[in-house]
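First subunit A sits with subunit B, and in the next complex the same chain sits with subunit C.
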Partner chain A sequence: MADVTLMKTPAETALAQAYESAKAILPGNVESRAEAFELFTRSGLPHRRVEEFKYTDLRALMREAAPFAGTPTASEAKAALQSAKALAGVEALQVPFVNGHFVRDAVDFGSLPEGVEIVPLAEALASGHDWLARLSPVAWARQNPVYQLNTAFMADGVMLRVTGQVETPVHLRFVTAGNSAVATATRVLVLVEEGASVTLLESHESPNGANHQPNDVIEMVAGDRSNVRHVRLNAEGDGALALSTLTLKVGAEAEFFSINVVAGAATSRHQVFAILDGENTKARINGMTMVKGGQHADSTLVVEHAAPNCESRELFKTVIDGEATGVFQGKIIVPHHAQKTDGRMMSAAVLLSEGGTMNNKPELEIFADDVQCAHGATCGQLDEDLLFYLMARGIPRKEAESLMVQAFLGEAVEFVEHEGVHDALVSVVEGWLRARA
Partner chain B sequence: MLEIKNLVVQIEDKRILNGLNLTVNNGEIAAIMGPNGSGKSTLSYVIAGKEDYEVLDGEILLDGQNVLEMEPDERAAAGIFLAFQYPLEIPGVASMTFLKAALNAQRKARGEEELTTPDFIKRVNAAAQQLEIPKDMLKRALNVGFSGGEKKRMEILQMALLQPTFCILDETDSGLDIDALRIVSEGVNALRSPDRSFLVITHYQRLLNHIVPDTVHVMSSGRIVKSGGKELALELEANGYADYRTSEAA
Partner chain C sequence: MPAVQETIDQVRSIDVDQYKYGFETEVEMEKAPKGLSEDVIRFISAKKGEPEWMLQWRLDAYKRWLTMREPNWARVSYDKIDYNDIYYYAAPKNNPAPKSLDEVDPEILKTYEKLGIPLREQEILAGVEPQNRVAVDAVFDSVSVATTFKEELAKAGVIFMPISEAIREYPDLVRQYLGSVVPVTDNYFATLNSAVFTDGSFVYIPPGVRCPMELSTYFRINEKNTGQFERTLIIADKGSYVSYLEGCTAPKRDENQLHAAVVELVALDDAEIKYSTVQNWYPGDAQGRGGIYNFVTKRGDCRGRNSVITWTQVETGSAITWKYPSCILRGDNSRGEFYSIAVSNGMQQVDSGTKMIHLGKNTTSRIISKGIAAGKSDNTYRGLVSAHRKATGARNFTNCDSLLIGNQCGAHTVPYIESKNASAVFEHEATTSKISEDQMFYCQQRGLSEEEATALIVNGFVKDVLQQLPMEFAVEAQKLISISLEGSVG
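And then the complex of A and B:
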C-alpha cells in the first residue's frame, strides 16, 4: 500500500509549531528530542485504527493542543503547592513540580534522607549528567506516541537515586495550576540501586474546570534485590486530559509493587511498560479506577517476563457510573527463554449505571513452554442479592452500594502496606462514593 | 402486630402465593410448616421486600403501616427482620463494619443518635458472647468462610443487635448440628418479649422443641390451610403433609 500522508489535525499542527519554537530553548540533547518528534510526526496523534489506541482515540479526544506552560514564578509555585491536597496528610519527602517545572526551593537538598539523591532534570539534561545514560530503559516505550511527545517536549523533572533502605516515602507531587489550559511534559528518572528500598508516591492534581494537558513519564530502573512500592494518584481536575507513562526495568530477586489510582481527569491514559529483567523477581501491578459522568480512563499495561522464574500479578479494578468509559488493555509477554514464568492478570469492572462502558482487552503472548499464565476479565453490576441482604438490615441502597464498591476496590488497595497511604486511598474512595450519593 | 391479607404473589409468571391470610400478634411466636415448594421462603422474602416478586393483590400491615410500599431498608427500620435461610457472603466487608452500618442506618432512619464506637462494641461483644461467637469471627469478612452454624449464629447476632419487632426465621434450623441448634434457639428465646413477634418457618418439629410456638400454621400451595396450637406440629411430624397435599393436586 502506498504511503498516505494524512492531513494534520489542528492539534498536530499546533504541536509541530510548538516544537519548532521550543526546540532551541528546551534543555539537553537535541538529537533525541528531534528523533522522538520525528517518530511522532510520522504517525501523528494515535486514533482508533491504531490497535493500542482503539478505545482511546487521542486524535478525537485531543481536539486542541494546549500551549506548553512556562516556568512559574516563586510565588505562583508557592501558591499552587499550598492549595495542593492530594496525599497531603502523608508524611513524606516532598518533591514538587508546578506546571511541569521542578520547584527546587521546596526541597532542602542539605537534609535529604540518607540514601536519597536528587538532581534537577533540566540541569542534568543541559550538562549531560552520567545517569542520563540510564534513561529510556524500555525500548518499546520509544514506539509509543505519548512517550514520544514527552521525550520531545520534556522541560524539567528530576533524577532520583536511591541507594539504601529509605523509610520516609518520597512524594513526587505534580500540580498544574491556573485556569487557562496548559500542557506539561515532566520526566522523572528513578534509579533504585541494588538492594535498595523505597516507597515512591506520585500525586497529580489540577483545578476543576481547566483543560490542562499533562503528560508525565516516570522511568524506573530497579536493581537486583531492590524493593519498590509505588503509589500513583490521579486527582486531576474534571477538565484535564492526563497522559502518563511508567517504564520499569527491574533486576533479579527484586520486589516491585505499583498501583495507579484514578479519581480525576476528564480523560486519562496511564501506560505501564515493565520488563522483569532478572530471575526470581516478583512484581505486582494494580489499578483502581473510579469514573463517572463523561469521564474516560484507560489503563494500558505491558509486562515482559524477560527472565525465567519471575512472578507477576496484575489486578485492575474499575467502577463506572454515569456515562463514563473504562479501558483496560493488559498484555503479558513471555519469550522463549523465560521458563517457569508465573503470571496472572485480572481486570474486573463494576457498572453502577445503564450508560457506562467498559472495554477489557487482556492478552497473553507466550513463547515459552513451561509457564503458568492466566488472565481474566469481568464486567458486571453489583449483585442484587447481596444488595438486598444489606438493605434487609436497614442499610439504604446507596449506602449498600457504597459498601460493596469499597469491598470491590479494597482488593486492589490492600497491597498498599504503608498505613498512612493506604488510609489516604481509602479516603479517596469514600470521597468519590460520597460525591455520587 | 403483622397482618397479611389475601396476599397473591408471582415470580416470572408463576403464582406462588394464592390469597394468603395470616395474623401474628405482638409477643406471639407463629410457626409455619409446610412441604417443599409451598411458598414459605417466598412469604419471608415478600415481607422483607425482595424485588424479584410481583405482588398482584393483598396487603401486609405492620402495626397498621402498609409494608408493601416500603423499600427493604425502610421495612428493617420499621422493625422487620429476616434471618436468611442462606445468609450471603460479602467478601471485603468486615462483619463489624457491616453491623455498625446497619445499626446506625436504622437509628438514623428512626431519628435516633448514632452509637459511639465504644458503645457499639460493648453491645456487639455482649451479644456475641451469648451466642458463643468468637471475636476474631467479627473481624473477618461477613459470612466469608463461616460454617453453616456460624452463619446462622451471625444472623441471630444481628437480630439481637438490631432489636426488631417482627422477626422471620427462615429455616434457621437447616444445616445446624444439635449444639448449634441449642445456641441459636437460646439466642432467639432470650429475645422473646411481649413487644416482639416471630414467624418461624421450618420443615421439622425439632426446632419447635427449642423455640416453642404459640400457634402453628400449615402452608400448602401458597395458602395457610390449617392453623392450630403447638400440638399441630407434633401431629404433622407423625403424619407428614400428605393430608394437605391433596389441595395442591386439585
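And then the complex of A and C:
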C-alpha cells in the first residue's frame, strides 16, 4: 500500500501538545518517555492498515484526545470511592486510584498483609527505586502504540511486591469520576518473588455518559514457582474509550491465571503480552466479553513460549447483542528451542442479534518441530434446537437464551478459584442479561 | 511428537536438489525490448493482433500500476524486484505461425515430451482409454505453442483456446468477463498482469454441457530474464461442468524469475468448476539462489445459484509463493472448496491460503489445508472466511494442519474469521470428527483407526482429482497426498 504521510488527526495533535506541556512535570526518567513518544509519533494512532489494529481502527475511534486528569482533592477522591461498586463485595486489600492518581490516604501502609509491599509509582520513578531495574519490558509491548502512549504519559500508579503466600486478594480499584472527559495513564508494576502467591483483582469504572479515555498498563514479573491469579473487570461507563495492557514475564514451574471480563465501555481494547520464560510453567489466559448496542470490544493476545515444556491455554468467550462488534486476535509463538510446548487457543462467539459482528484471528507461529499447538475459533448463534427444548418446557425465550448464555460464558469463569470473586463475576453476567431482557 | 520417518523420506525425495525439470531448451527466441513501458505494452498488444479496446485496457492498467506499491504484508522476504530488468515478452521465433504440431519447433516438442506432456492427439488416443483423455494447452514462456483436441471440444460447444486467440475470435465473451472477478485495480501483481499478460487459456462451457474431457494448461518458463504473466479465464455457463488442471515447471537458474498470473473463474447458475494446480516451479537451490517468485491472483466467482467452485492445489515449487485462490460465494446455495497441500524445502517461502467470502444465502465453504515445512523454509497459511449481512445460513468448516521437519523451519497460521451474520456458523479447526461423524463411524466400523479414517475422508476427494492428472509428476503428487501428518504441530 502506498505509504503516504498521513495528516495528523486532531487527536494526535492534541496528544503532541499534551506531551509538550506535561513532559517537564511528569515523574522519572525523561529519556524513556521521550523515546516512547517519539516511537508513537512516528506511526501515529494505529488505523486499519496496521495489521495489529485491523479490526480496531483507533485513528477513527479516537476522534479527540481528552485532556489528562489532574489530581483529585481528598474529598473528591473520597466521594468517588464511596460510589464505587465493582467487585465491592469481595474482601480485599484496597489499592484505589481516582482519575488515574493513587489515593495514598486510603491505604494503611502500616498494616499491609504479610508479604505485600507497596510503593507509590510517582515516588519510585522520581527516586529511581531499585525494583524498577528488575522489570524488563516485553518487546511486543514496546512496539505497541497503546503501550507507548502509556509510557509517555504515565503519571501515577504503584509498585507492588509480593514475597510470600498472600491469602487476601489485592484489589486495584480504578475509578474515573466526573462527567467531562478526561484521559488517564496509570501503570502498576507487580513483582511476584520466587515461590510467592497472590490473587490480584482489578476493577475499572466510570459514570455513564462520560467519554473518559483511560489507558492503563500492568507490568508483571513473576518468579519461579510463583502462583498468580489475576482477575480484571472492565465496568466502565457507556461512553468510555478504555485501553489496557498486561505484560507478563513468568519464570519456571510457575502457574499463572488471568481473566479479563468486559462488561462496559463504548470501545475497549485489552492487550496481553505474555512470555513464558522458564520451563514447566502453566499459563491460562481467559476472556469473557459481553457487548451490546454499538459497543466495540477487542481482545488481543500474544503468548510467547520462550522455554521448553510449557503449557498455555487461552479461552475467550464473546457474546454479542445489538450492533456490537467483538474482536479476538490471538497469537501463540513457539521459537526453535521451545520443544514440547503445549499450547491451545480457543475463541468462541455467540451472536444474539442480526446486526452484530465478530472478527476472529487466532494465529500460530511455530518454529519447533516437537510441539502441540491448537487453535480454534467458532462463531454462530444459539442452537435453535436447545432453545426449543427449553421453551417446550415452559421457559420463555429470553430466559432460555439467558440460561444458554450463562452456560456458554461460564466455561471461561469457572477457573476463578476465589469463591467471592467467582460469584461477583457471575452476577456481572446476570446483570448484563437482566439489562438485556 | 516429531514427524514420522516415512514422511521425512517422502519430503526429502522432493527436496530442492532433487528438482527434475530444471533442464533448459535451446530455441531461438523473439523478445520485446527489456523493461516495462507503454511501448512494450503496445508491442505485446500488436504481436497478439489485439483490438484497440484491449490495448487501452492494458494501458489503463499500466498507468494504475505506476501509482501502486508492492504489498509487504505477506510473511516472505526477497530482494527488491527490478521491474525494468525483465523481458515481458519472449516467444519462439516462428510464432505466430504453427498451424499444426508439425510446424512447432521440434526442440519445444522434445521439451514437452521430456516433461511428460502429451501434445499429439494420436499418441494419446493410442495409449490411453478414451475417458482419461486430457486436452492440453501448452504455454511456453509468453505464448501458447499448442492446444490439443480443439476440434473435438468444439463439437460439444466448448471453447478452449489461448486467450490471445479468444480476444480475436470471441471478443464479446472475453470483454464481458475479463476483469470481472479480479478487477484491473485489484492488487499490485494483478494490475501488472493486466498490463502485460501475454497468454493463458480461455475456456467457455455452454449451458448444460458437461465438458467431455479434462482440460489442462501446462506452463513452462524457459527463457532467461523473462517473467511469465499468463491470464486464464474460465466461464461455466448455467448447468455446465468442467474440470481444469494446471501444471508448471521451469529450468534451474541462479536468477529469480517472476511469475505473476491471474486466474478468473465464473460459475453461473448450477455450474461447477474444479480447478486443480500442481505447482512445481523451480524452487531455487539449497542456498536459496534462484527460483521462481510465484505471485499469483486466483479467484472464482460463484455468480449463480447452486454453483460450485473447487480449488485443489499441490504446491511444491517456487522460491516464494504468494497466492490465495479464493471464492466469492455470491449466488444463493453456492459452495466453495479449497484443498491445499504445500510442501516447502530448502529456503522456500510459502504464504498461501484462501478467501471464502459469503455473500449469498445458505452458502457453504470448506477449507482443508496442509502445510509441511522442511529444511530452512517458512510455510504460512493465511486464510479469510467472512460472512456479510445478507449471508443468512452461511457455513464454513476450516481445518489446517502444519507439520515441521527439523527445527530450522517455521509453520505459521494466520486465519481471519469475520462474521456479520448471526445465523452464519463458522468453525475453524474443531475436532477432526466434526468433518462428518457418520463417515468416520462408517470407516471405523470397518476396522480403520481414527487417523486412517480421517486421512481417508480428508484426502479422498483430493486424491480423486489428482488421480486424473495427465502429468508425469501426478505420481509424486499422489505420494504427497498420502504423506502422514502424524505429529502435526497445529
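Keep in mind that, in the parts below, the second predicted complex is superposed on the first by the 431 of 437 C-alpha atoms of A that agree within 3 Å, B and C clash if a C-alpha of one lies under 4 Å from a C-alpha of the other, contacts with A are read in each partner's own complex, and residues count from 1 in each chain.
Throughout what follows, contacts are C-beta pairs under 8 Å (C-beta built on N, C-alpha and C of every residue); 3 or more make two chains touch, one makes a residue touch a chain.
Since this is a predicted model, take the numbers as computed values, not measurements.
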{"item": "Which superposed partner A:E64 touches (first subunit B, second subunit C, both, neither)", "value": "neither"}
{"item": "Which superposed partner A:E167 touches (first subunit B, second subunit C, both, neither)", "value": "neither"}
{"item": "Which of subunit B and subunit C A:Q372 touches, first, second, both or neither", "value": "second"}
{"item": "Subunit B versus subunit C as contact partner of A:A392, first or second or both or neither", "value": "first"}
{"item": "Touched partner set for A:E38, first subunit B, second subunit C, both or neither", "value": "neither"}
{"item": "Subunit A: partner with more touched residues, subunit B or subunit C", "value": "C"}
{"item": "Which superposed partner A:E417 touches (first subunit B, second subunit C, both, neither)", "value": "neither"}
{"item": "Contact residues common to both interfaces of subunit A (with subunit B and with subunit C)", "value": "none"}
{"item": "Contacting residues of subunit C [partner subunit A, same complex]", "value": "1-3, 67-69, 71, 73, 389, 402, 404-430, 487, 489-490"}
{"item": "Subunit A contact footprint on subunit B (complex, rising order)", "value": "48-51, 71-73, 75-77, 81-82, 84, 87-88, 90-93, 97-98, 101-103, 105-106, 109, 141, 158, 162"}
{"item": "Touch list for subunit A against partner subunit B, complex", "value": "384-386, 388-397, 399-400, 403-404, 406-408, 410-411"}
{"item": "Interface residues, subunit A side, partner subunit C - complex", "value": "1-3, 51, 334, 336-337, 339, 343, 349, 351-381"}
